[in-house]
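Can you read through this structure? Questions will come right after.
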Amino acid sequence: MSSYLIYVALLSPFLGFLIQIFLGGKLSKTISGTISSLAVFVSFLASLFLFFEFHNVSFSHTLFSWFDIGDFKADFSVKIDQLSLLMMLVVTGISTLIHIYSTGYMHEDPLFSRYFGYLNLFVFMMLTLIMADNLLLMFVGWEGVGLCSYLLIGFWFEDDFKAFCGKKAFIVNRIGDAAFILGIFLIFSLFGTLEFESLYTSTLNRSPEMGFGLLSCITLFLFIGATGKSAQIPLYVWLPDAMAGPTPVSALIHAATMVTAGVYMICRLSFFYDLTPIVQNIIIVIGMATAILSGLIALTQKDIKKVLAYSTVSQLGYMFVAAGLAAYGAAMFHLTTHAFFKALLFLCSGSVIHAMNGEQDMFKMGGLKNVMPITYLSFLVGALALSGIPPLAGFFSKDTILAFAFAKSPLLWGLTAFTALLTSFYIFRALSLTFHGKLGNIHAHESPSSMTVPLVLLSCGTLLVGFLGLPPMFSHLFHVENLFEKFLGWESSLHLSGQTEWFLMGACSALVILTAYTATKLFSGDKAKVTALKNKFSKLHTLSENKFYVDEFYDLVFVKTAHKKAQFFWEKIDIFVIDGIVNGVGSLGRNLSILLSLIQTGRVINYAFMMFLGMILILLYLVKL
Amino acid sequence: MEHILFYVISGLAIISALSVILNKNPVYSALSLVGFLFVQAILFVLLKAYFIAIVQVLVYTGAIMVLFVYVVMVMKLNEELLPRIRLRPFSLFLAGLFASYLFYIFSKTPTFSHPVLKTGDISEIGELLFSKYVLPFEVISLLLLVAMVGAVVLNRKSKHE
Amino acid sequence: MDLLLKHFLSITIFLPALFGLFLFFIPQSKTRFLKFVSLNGSILTFLMTLGILCYFTGTAEVQFVEKYSWIPLFGVSYFIGIDGLSLYLFILTSFLTPLVLLYVSPEEKKLKPFLILILFLETAMLGTFAALDLILFYIFWEAMLIPMYFMIGVWGGEERLYATIKFLLYTILGSFLMLVALIALVMIHHSTTGVFTTNLLKLYGTPLGSLEMWLFLGFALAFLIKVPLFPFHTWLPDAHVQAPTEGSVILAGILLKMGMYGLFRFALPLFPQASMAVTPYVVTLALIGIIYGAFLAWAQKDLKKLVAYSSVSHLGYAVLGLFVLNHTGVTGSLVQNISHGLATGALFFIVGMIYKRTHTKKIEELGGLASSCPKLFFFFLIATLASIGLPLTSGFVGEILCLFGAFQEYGVQGFAWGGETLINIRNIIFGTVGILGVLMGAIYMLNMFQKVMFGKPKFEDLKDLEWKEVLVLTPLIIMIFSIGVYPKLLTNKMENSIDHLVKNVYKYSLTTLSFPPEALGTSGNPESEATSKKD
Amino acid sequence: MNEYFILASILFALGVTGVLMRRNLLVILMSVEIMLASSNLALIAASSHVGNLHGHIFVLFNIAVAAAEAAVGLALIVIIYKNKKTENVDQFTSLHG
C-alpha cells in the first residue's frame, strides 16, 4: 500500500503532464485545468497519507535500477523521511493552490493546456528532487526544475525579452548545476557512493575539517550549485528577470518551490556541512550579503513583481544564513513559512496585475483597497508575515534565525535585523503604492473566485503555519512543543537566556513595526515627500534602481568577452590557422603541379623527344654496359 | 658477290630513307617510302626470308602505301608545302645518340661462330604460326579488326553534324 | 531456412545492396514505387538487426560469426561477426537508414540514384561494423566514401565541390596511413609467426616493439580524423553544411561513429602499449575539442554549422571516455556515440525541415517558428535538450559516464592539497573542462533555439510538421528518452565486451606477451570470463 | 653478319630524325614506318643468325601491327586535318598544361 502511495505521489503530476501534452489540444479549458489541478492534488493527498504513515520512520524505496556500470551505481529510488515528507507537503500543497489559481489567471491564454503541462512537469521534477535517494537522481530533479522554469518563464515566447529571460534563467542555473555535478563527481571519487544514507554513515567518524580540504571543496561546489538554484550572490541575477513569466509561475517557481531547492539540499547534506566550518562561514557571508543587497535593490523598484522577486532573494539569503549557522531546523522552518506568504504575495500581485490588465508599475496603481478587498486583505496578511510582525508566520521563523545569528555574533544579528527593517520598508511601500492612495482612472475589479479562494486559503495558512515552530521561550510559555523541530528531529542547539531573547525580539519587532508604519505613511500620502526623499539620496537611488549594475557588469565581463573569444576562435584559429594549413597543403600541391605542367608544352614533338630520351635511359638500364 | 650486292642495296635503302625524311612534298616522301620498302624486301631475300619479302611487298607496299598516298591526295597538300625541316640540334643529337648507342650494343653482341642461314620455309612458318603462336595470331587478327572498326568509326559523320 | 540462419549476418549486411540493385530496374519516373521499395528494404534490414539483438547473448564473445577463406595466399578471409562493441552501432545504422529514406522527398531531383546510393551506403556501413578481417574492414571502410562523395558532390549545396574534396582528402589521407600501418602489421605478424593472416582476432597482441607507436599513429589518425578530434575537424562543418539533409544525418549519425568504433576495435586493442602512452595527449586534445567545439558553435551563424561544431564538442566526450580506459568511461563513450547519433540526427532532420519551410539556414533570418509550428517546437526542444545533456535524455547518460570515468581513472590518490585529504589536480581539470563544455552546450544551443523558435513570427503561413515528418522524428525521440531513463537498455549487452576490452588493453600494455595470446572474442575462455567479470 | 644490324641501326636513327624534325604529320607517320621496318630487318637478321624462324613470325606480327597503326593513325590524321585545317604538328598545342 505504502509503496503505491509513493508512485501515486510522484507520478500523478507526470501523468497530468502527459495528458496535457498529448491530449491538451482536444480538451476544453475547464477539463484541462481540472485534470492538472487534480493531478497535483492527488499527489498532495498521497503525500499527506505518506506523512501520517511514515512521519517517524525513514526508508528508501527503489523504483528501478538506473545506472549500474562497473563501480558506478545509482538507482531510481526515493527516500521517504521527515525532511522529504515536509517538502512534499509544502510543494504539492502550495502547487495545488497555484494550479487552481492559474485556471482563472490563464483563462484567456491560447496555450492553456501547454501551460498546465509545464506546471505539472515542474511539480514532477520538484518531487523528484525532493524524494531522490541519491545525489544523481536529485540532480535530475535539479536540472529538471531548471528546464521547467526555462519553459515557464519564456512561456510568452513571442516577446523576445521574455524568451531571453527564460534562457538567462536556465543558463545561470546551469552554471550552478555545473558546480553541483562537479561536487557529485568529487563525492563519488571520495566515497564511492552517491546514496545519502551510506554517505551519512561514511561521514560519521570524520572530524570537522580544519583547513580547506577536499570535503570543503565538495561542500563549496554543492553550495555554488545552491546559489544558482536559490538565487544567491553571485548567481542571483536570473530571478528578478524570471518575473517575465506569468505571475502564478513566479509564485510557484520563484517563491515557494524551486528556489528553496538549494536550502533543502544543504539541509539534506547537513552532515557534510557540519564537517566544513569554513564553507559554513562562506555560506553565512554570502547569504547575508545577498539578503542586504537585494533588500536595498527592492527599495526602489517600480515593478510590483520585481519588488517581490528581490524580496525572495533576500529571504533566501536569510535561509542560507540559518543553514550556515547549522540551524537547519530554522532554515527549513523559514522555508516553509516563506513558501506560504511569498506564494500569497505573488498571487495577490497576480490578482492585481490581472485586474489592471497586465500593468505592473506600482506608480500607476493606487487605491485598489476598496475595489479588491479580498486581494488587499490577503496582501496585507502576506506583508505582515513577511515583515515578521507577530504573531504571523514570518515572525516566528525570522525570529528564530535572528536568535541564532545573535548567538554567533551580535554583528550578524545587527545585519539580519537591518535586513528585516529593509524588508518591512519595501513591502509596505509596495502595499501603500498599490492599494492606498487615490484610485486612478481605471476599471479594476475583484478577481474571479478561482483566484480568490486560493488567496484566502493561503492567508489562513500564513496565519497558522507559524505556530508549528514556536521558538523555545514561547513553547515554554504556552507549554506547546515546537512541533516543527521535533518532527524534523533536529534539536535546537540554541543557548540563549530567555531575557536576552525577549529583549532582542522586542527590539526587533518594535523597529519593524515602526518602519512599516513610516513606509505606509510615506507612500500612501503625498507623492511630493517621496520625490524629495528620492532627490536627497539621488545617487544611491539610481544605484539601487539600476540594481547596482550587476547585470551590466556580468554582461560586459563574462558574456561579451566569452562571445568575443568564440568569434576569435572561429575566425582566427579555425578558419585562419587550421583551415589555412589544410588549404595550404592543398594549394602547395596545386602550385607544384602548375610548376610541373610547364613541361607540358602541348607540342607533340616535345613529347616524342622525351619519349626517345626515356627509351635511351631504359635501354641504358636494361643492357647495363 | 653477295657482299657487294648487300652494300649496294643498303646504300639504296639509306638513300631512300633519307629521301623520305628530307623531301618537302609528302607525295614524294610517300613514293620514296615505297622505294625504301622495296629495297628492304630485297634485303629480306638476301637473308633468305622469301615469304617475309613477299608479304612485305604485298602488305606494305601494296596496301599501306596506297593508303598513305590516298590520304595525301585527300588532303590536297600539294599546294601549300610546309617548311621542310626545322633544325633541332637536340633532335639530331638524340638521333645520333640512338644510332651510336645501337652500334655499340651490336658491336658488343657476340657473333655466332657458325651462322646458319635458315631458309624462311613457308610451311615451317605456317606450322609455327598455328601451333606455338596461335594465341598471338588470333590476338593480332582481333587487333586488325579493332583497327578497322576504329578507323571507320573515327571518320564516320556524326549525327549532330 | 537453414541457409538463412547460417548466413544471417551476411544477409543482413547485403540486403540493402540487394534492394539497391533491384532499384536499378525500376524506371526513374515511378518515384513512389522507388521510395516504397527502398524503404521496405531498409525496414526489413532493421527487423533483421532486431533479430540479431534478440539472439545476441551478452557475453564477450564474437557472435554470428561467418568465416570463409578469400585470398589464402595472404590469409585474407571473409570474416564477420558481432560483439557488444559493434552491436548497437550496427543497430543504430539500420535504425537511422529507414528514417533517412522515409525523409527523402519523392520530388528530390535524381531520386533513383539517390536512393540507390543510400542503400549501398547502408551495406558498406553495416559491413564496416561487422568486419573482423582487416582487409575486409578496409574495403568496407573505403566503400563508404564513394556514396558519401557523390551524395555531397551531386546533391549538395553551393560550395559542394570544395566540401567534397576536403572531406575526401582528409579521409583518404587517414585511410592510406591506416593501409600502410595495416600492411606493416600483417608483415610483422608474419615475420614473428610465419603465418600470413589478416584475421583481427589473431592479430591481437602481436608484439611490435618500437614500431608499435608508429603503427598506432597510422591507425589512430585515420580514426581520429573521422571522429573528428580537434584539430582534424575542419572538414566536418563544410561537409555538413554542403551535404543534403539525408547526407548530414548519415554523416553525423553513423559515419562519425566509424572513427570511434575503429578506435574501440582496432587502435586500442591492437596497440595497447602505444595507446596507453598517448593517453594524456589524446585526452588533452579531447578536452580542448570539447571547449573549442562549444566556443565555435556559439560563434556560428548557420544552423547546420552550429550543429556540426556541437558534434566536435560532443564527440570530444566520447574520446575522453574511451581514452581514460576504464569500464565506466568506455561505456560512456559508446553510449555517447549512440546518443549523439540519435540527438544530432534528429537535429539535422529538424534543420532540414526548417529549411524546407523557410528556405534559409541562417539563424539571423529565422525567428518565431514556435508560434506557427507547435509540433516542430516540441521535437526541436527535445532534440536540443538531448544535445545539451539534460538528465533523463540519452545525452546525459553519455556525458555523465564519460566524465565519471575520467574522474575514476585517476582516483583520489595524488598529492596533498590543503587539509588531510588527498586530491589529484587532474580530476579537477577534467571535471572543470568537461563541465564547462556542458555549460557552453546550454549556452549555444539555447541561444540558437531562442533565436530560431521564439520572438515575433518572421514568416507567415508556415505549415507545421506533416505526419511523415513526425514519423521520422518520433522513433528518435523515443529512443533518446528510453536510453536516458533506462540506460541498461544499452549497457547490459555491451558490458562484458567492454570489460574484456579494458582488461585486455591493460594486460597487454603491462606485459610483453607470449604468442598467441587469448585475444578478444572466440578464443576467450568462458569460465574465466565469468569469474573475472565481477572482481 | 653484323652489317645488317648496323644498317638497321642507321635506318632506325633516320626514322627517329624524321619523327623529331618534320612538321608534317604524314611524314612523321612515314618515319615511324621506317623505324618499324628497320626493326623488322634486325629481327630477320637475328633469326637467320640463330637459325630458327621465330623472328619471321615476329616480323609477320609486326607488319600486322604496322598495318593497324597506319589505318588508325591515318584516320586520326584525317580527322585532325578536318578540324584544324592544318597538319603542322607545331600548331597542335591543346595539350599545353
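Just so it is clear, A, B, C and D label the chains in written order, and each chain counts residues from 1 on its own.
One rule holds for everything that comes next: a contact is a pair of C-beta atoms (placed from the backbone, for glycine too) under 8 Å apart; a residue touches a chain by one contact, two chains touch by 3 or more.
If you're wondering where the values come from, they're calculated on a predicted model, not measured in any experiment.
In this view the innermost chain, defined by its CA centroid being closest to the centroid of all protein CA atoms, is C. Separation between the centroids of chain A and chain D, computed from CA atoms only, is 94 Å.
Between chain C and chain D, the centres computed from C-alpha atoms are 60 Å apart. Centroids of chain A and chain C (each the mean of its C-alpha atoms) stand 38 Å apart.
Chain B and chain C, compared by their mean Cα positions, are separated by 65 Å.
Taken residue by residue, chain A touches two or more other chains at 605, 609, 612, whereas all remaining positions touch fewer.
Of all residues in chain B, those touching 2 or more other chains are 88, 91, 94, 98, listed in ascending order.
Counting partner chains per residue, chain D has residues 16, 20 touching two or more of them. Of all possible chain pairings, those that touch are A-B, A-C, A-D, B-D. Residues of chain A that touch chain C in their complex: 21, 64-72, 114, 136, 139-140, 143-144, 147, 150, 154, 157-160, 163-164, 166-167, 170-171, 174-175, 178-179, 181-182, 185-186, 188-190, 209-217, 562-563, 565-567, 569-571, 573-574, 578-579, 582, 586.
Residues of chain A touching chain D in their complex: 594, 596-605, 607-609, 612. Those residues of chain D that touch chain B in the complex are listed here as 1-18, 20-24, 26-27, 29-31, 33-34, 37, 40-41, 44-45, 47-54, 56-57, 59-61, 63-72, 74-79, 81, 87-88.
Of all residues in chain B, those touching chain D in their complex are 6, 10, 13-14, 17-18, 20-21, 23, 26, 29-30, 33, 36-37, 40, 43-44, 47-49, 51-52, 55-56, 59-60, 63-64, 67-68, 71-72, 74-75, 77, 82-88, 91-92, 94-96, 98-99, 102-103, 106-107, 109, 111-112, 115-118, 120-121, 124-125, 128-129, 133, 136-137, 140-141, 143-144, 146-148, 150-152, 154-155.
Of all the residues in chain A, the ones that touch chain B in their complex are 605, 609, 612-613, 616, 619, 623, 625.
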